[in-house]
Structures are given as structure tokens and as C-alpha cells.
Amino acid sequence: MIDKFYSSLQAAVADIKDGSSILISGFGEAGSPVELIHALIDQGARDLTIVNNNAGNGRVGLAALIAAGRVRKIICSYPRSSGSTVFQELFRAGKIELELVPQGTLAERIRAGGAGIPAFYTPTGAGTPLAEGKEVRSFAGREYLLEYGITTDFALVKAQKADRFGNLTYNKVARNFGPIMCMAAKTTIVQVRRLMPAGSLDAEAVVTPGIFVDRLVEIPDPVVESALISQGASYP
Amino acid sequence: MIDKFYSSLQAAVADIKDGSSILISGFGEAGSPVELIHALIDQGARDLTIVNNNAGNGRVGLAALIAAGRVRKIICSYPRSSGSTVFQELFRAGKIELELVPQGTLAERIRAGGAGIPAFYTPTGAGTPLAEGKEVRSFAGREYLLEYGITTDFALVKAQKADRFGNLTYNKVARNFGPIMCMAAKTTIVQVRRLMPAGSLDAEAVVTPGIFVDRLVEIPDPVVESALISQGASYP
Amino acid sequence: MSQTQTHAGLARLQIAQRVAQDLQDGAVVNLGIGMPELVANFVPKDREIRYHSENGVLGFGAIAAKGEEDPELINAGKKPITLLPGAAFFHQADSFAMIRGGHIDVCILGAMQVAENGDIANWSTGAADAIPAVGGAMDLVAGAREIWVMTDHTTREGAPKLVTRCSYPLTGKAVVRRIYSNLAVIEVGDPGFIVKELAAGVSLERLQELTDAPLHVHVSEPPREILL
Amino acid sequence: MSQTQTHAGLARLQIAQRVAQDLQDGAVVNLGIGMPELVANFVPKDREIRYHSENGVLGFGAIAAKGEEDPELINAGKKPITLLPGAAFFHQADSFAMIRGGHIDVCILGAMQVAENGDIANWSTGAADAIPAVGGAMDLVAGAREIWVMTDHTTREGAPKLVTRCSYPLTGKAVVRRIYSNLAVIEVGDPGFIVKELAAGVSLERLQELTDAPLHVHVSEPPREILL
């Protein structure tokens, strides 16, 4: 019988090695798999390359992983956050590498990686400083940049409901990078609010088919990152 | 108030001009917008370029459009059909042009067109006769072909439910090319089984957001193509 | 608050309201981070506007009331929002397919600088210690059918934001069509900044002093006064 | 029906059953057009197989019973199918993202010819008046982790389908790992066709006569007999 549920966060992230590349879902706090990230901090893997839209908030979740010195490089579109200076300080000290990618290019690179497309052309960023070092090509008189698909060792994703096959639904805009990140990692690990009986998810409304999911952990009542931050929390 | 519903098939297809390019949804009969195609036959536009997975069945729907001599060129993956010789006869007589595209490349080219991606690389077809004349490039030691996005003047699509904003759901595998074709046409025309009140479609389960849809026609009880064919029907 | 704002000109909500007046019925409008977020609070009577936020929602409404916030229902600026009937959620690749694929009618962005040829800079000062953050701005300027800028006319320090040539790194080249500032509504075209409206109490002379590029006026069509 | 089939060897449903025996618990398996469609009727006891059809469904079951057909629930061969718990529908770009992105464990294809180096031809005879039809086959051979072929050992006319070199235009180069025919189970590797099993009543000598490339047998591991 197929059953992708793990009994603990610890077991689900146990084999993440030093030097791994990891996609982490979320747009700010919405969709950020904070419990999985904290389990990764406890687990101890270092020298990680992280792909996320942002670079963490406060001193919890992704910001805490960065603050713990575990992240060698971050690939993101928007590393500024009103509530956090963790990334800024390490970046200015030259202790973390940044690859800044326009948000739509980041999304398309992840989808391409998951879809077996090694590279594609996009108009985004052509003629700007972010085009530096990139191959430029004209189609029908307009300039486009060549961008490469992203695939990683792991993805850590937050979703809403799952069945034992790994079929997922999401909650509102917490969906954001989840579906495409599930596609683009060798091993996709998902925390979900509710484990559902097989057959109870509508086949028409499944957002991520189980083929893209390897491991599931049920976290019925995940922390609210902004609430933690306003309490001044830090992790660990 | 936004209301994309048209009162008649005729009105919805009235401005399709001779020489137009048209995406038509469907995998065989599943998802084929037969009523819209028949309205297009009645409307009379000629010299069309059609993009569909197949080349029609029997002598109704897409096969009838082809039989009527309206199609100059078809872009498809699988123009063979157990029940139809319409395409074959015209093709062998040199009266219709065929661009044969692997199904996944066809799907990706349509999605790319809709997503503003002018071109991408794919491993599909590399080293085969379908690579002829295509640009080849290696990434990490493997050969890929450069393929171009497809955009068209119109899309004719069949869906299940719609609201006045153009949000759509589909029925089972009749979904197939619908969602990506809606994205890739200047004007997208959709026949749906049920017009739903605004706000009654679950925002989590909308498959095609209304931004991709221009016109809707309600066809509560569409014909079943295979049933028509087994009755020996032809159109008009 | 700048000097100009306290003396004359529109408050932020008034600029948002003025922008909304120019949105056509049925338009799909992306709202950028910052001041443009406020536009969703204003939908002109008898019109429906479909607001898009690149983090994955189409068909949202006003900013959520205190106590009604949902941390998983936020806009691109990470502010809690509300939904309208007919809303839909989608993932990031689909959201940017809408943007890059030319499906957004109007995108309203904030800006650090706008040049008279329509260049926009809004992602980095280019300073050595700056933390660059581009988000979806470059996709939006590359893909939306029209780019409008909504901004204070000058920086907090009073320096002009409407310039002859951007000194900051560009987000996009020759893309801005209109500027809605606290002092004026300006079209960007040939031959550059064309003043269409002036906020009450703002003179053309004063506006020129606060603008680092020549302002133009069509003689047949003098600037109107903004009335809200 | 070929001569070989009436004398000895497996019927189509038996080949399908034999293929299913080699599918591992939890495998995601794409079933190609034609004979492979039958595999969905056989899931070995105590195993769950997730069948994928490129027209947009994962998690389907056996072919639909007479009277239970739904023209909008069909497989890649356009035959009516049934759903299993946990099924999901998706559009064509997502379906081929699964295929091209390497997410399909095994793809079972029909073939016109398979060469001893693993080349496969299954989309066109290359004849001047042939109607070429490729469907998803080229995507599948480019993307699935393993390609298995399920086929009659010879054409209807008795010509070998397992050949030294394909004479028809290729679908994919060096991609086939296993062949399940009505006469044998054959691995494709080094040095070519390696016979693993023979159908009851089929001798190695007879199999070689019907195969246009040398057959190999590991001496330590003689072919077993297929028992169903």
C-alpha cells in the first residue's frame, strides 16, 4: 500500500545532507513550511543552497536557518523584509551569497526544472543590470534572456490537505510556489494541515498530483510566523 | 458589470476572419467543442490554420471543418483516427498541410505562447526525423531541440462550468488542452455546460481563471461525437 | 512627510482614488507593492475591476479590516486583503504566465525614478551596500499592456523622482505611460512628460521646480484641476 | 492472428498480466496506446500501481465495463476507463511535465520495431503515403525513467519486430530496457537482446528464427518458462 505519511518531522528530513540544494515554498509567511524548516535546523545540515522568494522574516523559520549559519547561498527575488535584518547583516559581511532573480523568472525556472525543460527565453530583465552575463537573443525584433531550469535535491513545502498518495490542495495564496516546487526536487517533503482519507479529495480539484510528492507530515495547527515575530520569538 | 456570456454560438464566432489561426481543444472527442466548430462551419471562414491534438473523427466536428475545405494547415500530434479518412484523403491529395508535433511539445509550445515565453529547449524528438531543420543544443551533455511558443488569433474550447467572469472548470480528461489553449489566443471562446452564479465556483478549484477567457456560450447538453459518428452523422 | 504634501497636493488615499477613476470597466489590474496597494480600496461606481496580485490571486477587494486578517490571504506587499465573488487562486508560474503573457491590462507600480522616455527604476539604488530586491517588477514591466506609476512627486528628502534620465539601475526601458503623483497626473509620451492635471493649489511653475525634466502642456488642452 | 500465436505463446491479456507482475508497489506507470492499455486490468495482489495516461489522468483502473463508459473519461488510446481512489486530473502541459520531467517510473509502449541497442520505432513506417502520427511517444521515450515494450513478437505477416537495426524512423535512441512479447521476456542491454523467459511451448531456437538479431542467454541463468 502506498502511504507517504511520516510519523515525525525528524524522520522526514533526516537524510538532508550538508551541501544540499533545497526549494522552500512561501511568499513571506504565506505558505512557509516553518515546522519543516525548524526540523531542518535541529537536524543540522550545513552549507545549503536555498531557493525561496524571500530571505526570511524576524528570527524564525527561514530567517532562523540563515541566522544559524546553515545557508551558503540563497536564490530569491526579494530579500528585503520589514521585520528582519538577519540576511542583510550576513550579506553585507560577505557570509552569504545572493542570486537575485526576478520573481516570474524564478517561478518559470522552477517549473521548467520540474518539467524537464533545461532552458527557455524570457523578456524579463532584458536591458537591465540583471541581464549581465546572460545570453541575449532576439525573437521577432524583441530581446530575450536565456534562463535555466532549476532542480534541487529537496523541496520543503506547506500545503493544506493531502491523501496518502501525496495529492495536495493548498490554502488561498499560501499556494504560491508550492505546486511548482513539488515538481522540481528529487525528494519533495510536504507539511499539511490535514491528512484526508484516500478518495476524499476531488480528482478535479487536486492542485498537486501525488506523483510530485514523496513525504508528508501532518501538522494540524502550524505556527503563524507573523504572530511569533510580534512576540519577539527566535528559533531555536 | 463584467459578463462574458454571449446569447448565441453565431454571435460568439462572428468575427473569425479568413486566414485566422485557431486553437481547438480536445483529445479525440473528449473536450472537443463540437457546437462551436459547427458554428464556425456555418460562419464560413476559410484558409484556417488549426491547432488540435488530432485531425477529427467521422464527418462531424473538426473532421467536418476539414471536409468542408476550410483548413489550410493543421498542427497536431496524432492525425490518425480509426473512424475517419477525411484528413488522410486531403493530405494525400496535397490539399492540406500538416505540421506534426510530439504531443508534449505541442502542449508546451501552447503553454509557452500563453506565458510569454517565445522559445524553449526540449529533449523530445532529438535524434529523430522530427528534429529535421530544428536548432539543436547540448545542455549537460544531452541534446535538446529549440521549440517556439504558439499563439493564435482564436481558441475554441469546451469546459464544464463557468461564471460571468470567465472562470472555468472542466470535466475529467476533457480538460486536456483547454486550460493552456485559453492562455494562448488573442480571443478565447468557450462553450460550457453550465453557467454558474458569480461567487459559486470555489476560488481554490477554478482551473482556468477568467483572465484567460473572452467569450462564453452555454450549451447545456452538448452532442456526444462518438454517438453522432455511430449514427453515421455528418455536418452540415 | 515632505513639505509639498503638507502644503498642497493629494494624500496617498486620494492618489489611489484618482488612479482608480481611470480604470475601465472589466480591466484586469495588477497592483504593485507600496502605495499602489491602496487602489484596491477604490472601485468607481458601476464598474468592476479585476485586481491581480502576482503572489497568486485574481479578483480581490479592499484591504482587510482589523481583526479580519488572514495571514494566508495577502497581497504582493504582504498586506491582508479580502476576496470578491469570482476570485481565483493560482500558483506562481501561472500568475507570471498571466503577467509575461500579456494578459494584464494595467499594472500600477511604485517607483524610485521615472525618466521622460518612460524608463523606470524601482528595485535598487545601486549603492554598494544596498540589498537589491526586484520581486515581480521586471516581469510586470516586461509583460503588462500598460504601466502606470503611482508615487510621491519627490523623495522624502525633496529630490525629484521624475527625471531626464534615471540614475538608479533600470527596472524597464521606455515602459511607463502615465504617472499619478501627489501633485499631478502626467502622461509619458512624445515629447516626454505631458501634464494633464494639477492637484488643487499646485501651479505648473511649482511642479516644474520639483521635476528634473521639462514639463510639456498641449496648448489646446491646459491641465485640469484634480477634483475628487 | 499470426501463426505463432495460434500454436504457442501468450494471448494479449496474458502478456498484460505478465507485464503487471514486474511493476513494483507504488510505481507510477504510463500506458501507451494499444496493447499496453490492457495492463491497467492487472494489479498484482498487495501492490498499488498508479497508472498515468498522458491525456490527463493519474490513478485510473481497469477498462470501463459495457454500459459504464464515459466519453470524457478515456485513456490515451481513447478507450473508456475507470477511476481509482486518489485519482487526479490535469491539463496537457502538466501531464507532459510529469513525463518530460522524469516523474514517470515506467512507460510501457507498443512498437513497430525494437533494435538490439534499445532503439524504438513506433510512429511511422516512413512510407511516402504514410500518415505519420507520433502522439506522446517521443516525449515518453525522452522522459520516462524506464521504457518497456509490449508487443507481438512478429508483425501480422510474420516479419520480426525485434531487429538488429530499425528500418523505420526512430521514436527514440537506445531507450528500451525490456520487451514483453507473446513469446518471451527479453532484457535489452549489453550485448543486446538477453532472453529471460520463454512462453510455454516456445523454444529458444524457434524464438531466434522469429528474431532478426542474435539472442543471448546468460549461461548461469537459463530462460525460465512463463507461468501465469
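Which chain is which? They are A, B, C and D, in the order written, and residues in each are numbered from 1.
Just so it is clear, contacts are C-beta pairs under 8 Å (C-beta built on N, C-alpha and C of every residue); 3 or more make two chains touch, one makes a residue touch a chain.
Note that the coordinates shown come from a computational prediction; the quantities given were computed from them, not determined experimentally.
Number of steps on the shortest path from chain B to chain C, with steps defined by chain touch: 1.
Ranked by separation of Cα centres from chain C, the top chain is D.
A comparison of the A-C and A-D interfaces places the larger number of contacting C-beta pairs at A-C. Computed from the mean C-alpha positions, the centre of chain C lies at a distance of 57 Å from the centre of chain D. One finds 29 Å separating the Cα centroids of chain B and chain D. For the pair chain A and chain D, the distance between C-alpha centroids works out to 37 Å.
For chain C, residues touching at least two other chains, in rising order: 57, 89-90, 93, 96, 99-100, 142-143. Of all residues in chain B, those touching 2 or more other chains are 108, 111, 115-117, 122-123, 170-172, 203-204, 207, listed in ascending order. Chain contacts in this assembly follow no simple pattern; the graph is neither a line, a ring, a star nor complete.
Chain pairs that touch one another: A-B, A-C, A-D, B-C, B-D. Taken together, the chain C residues at the contact with chain B in this complex read 25-26, 28, 48, 50, 52, 57-59, 83, 85-90, 93-94, 96-104, 142-143. Against chain A, in their complex, chain B makes its touches with residues 108, 112, 115-123, 139-140, 142, 144, 148, 169-172, 202-205, 207. On the side of chain B, the complex with chain C involves touching residues 1-2, 111, 113-117, 163-165, 167, 183-184, 198-199, 201, 203-204, 206, 209-212.
Residue ranges on chain B touching chain D, taken from their complex, read 27-31, 53, 77-80, 87-88, 91-92, 98, 100-108, 110-111, 122-130, 170-180, 207, 224-226. The part of chain C that touches chain A in the complex is made up of residues 53-57, 70-74, 78, 89-93, 95-96, 99-100, 124, 126, 129, 131-139, 142-143, 169-173.
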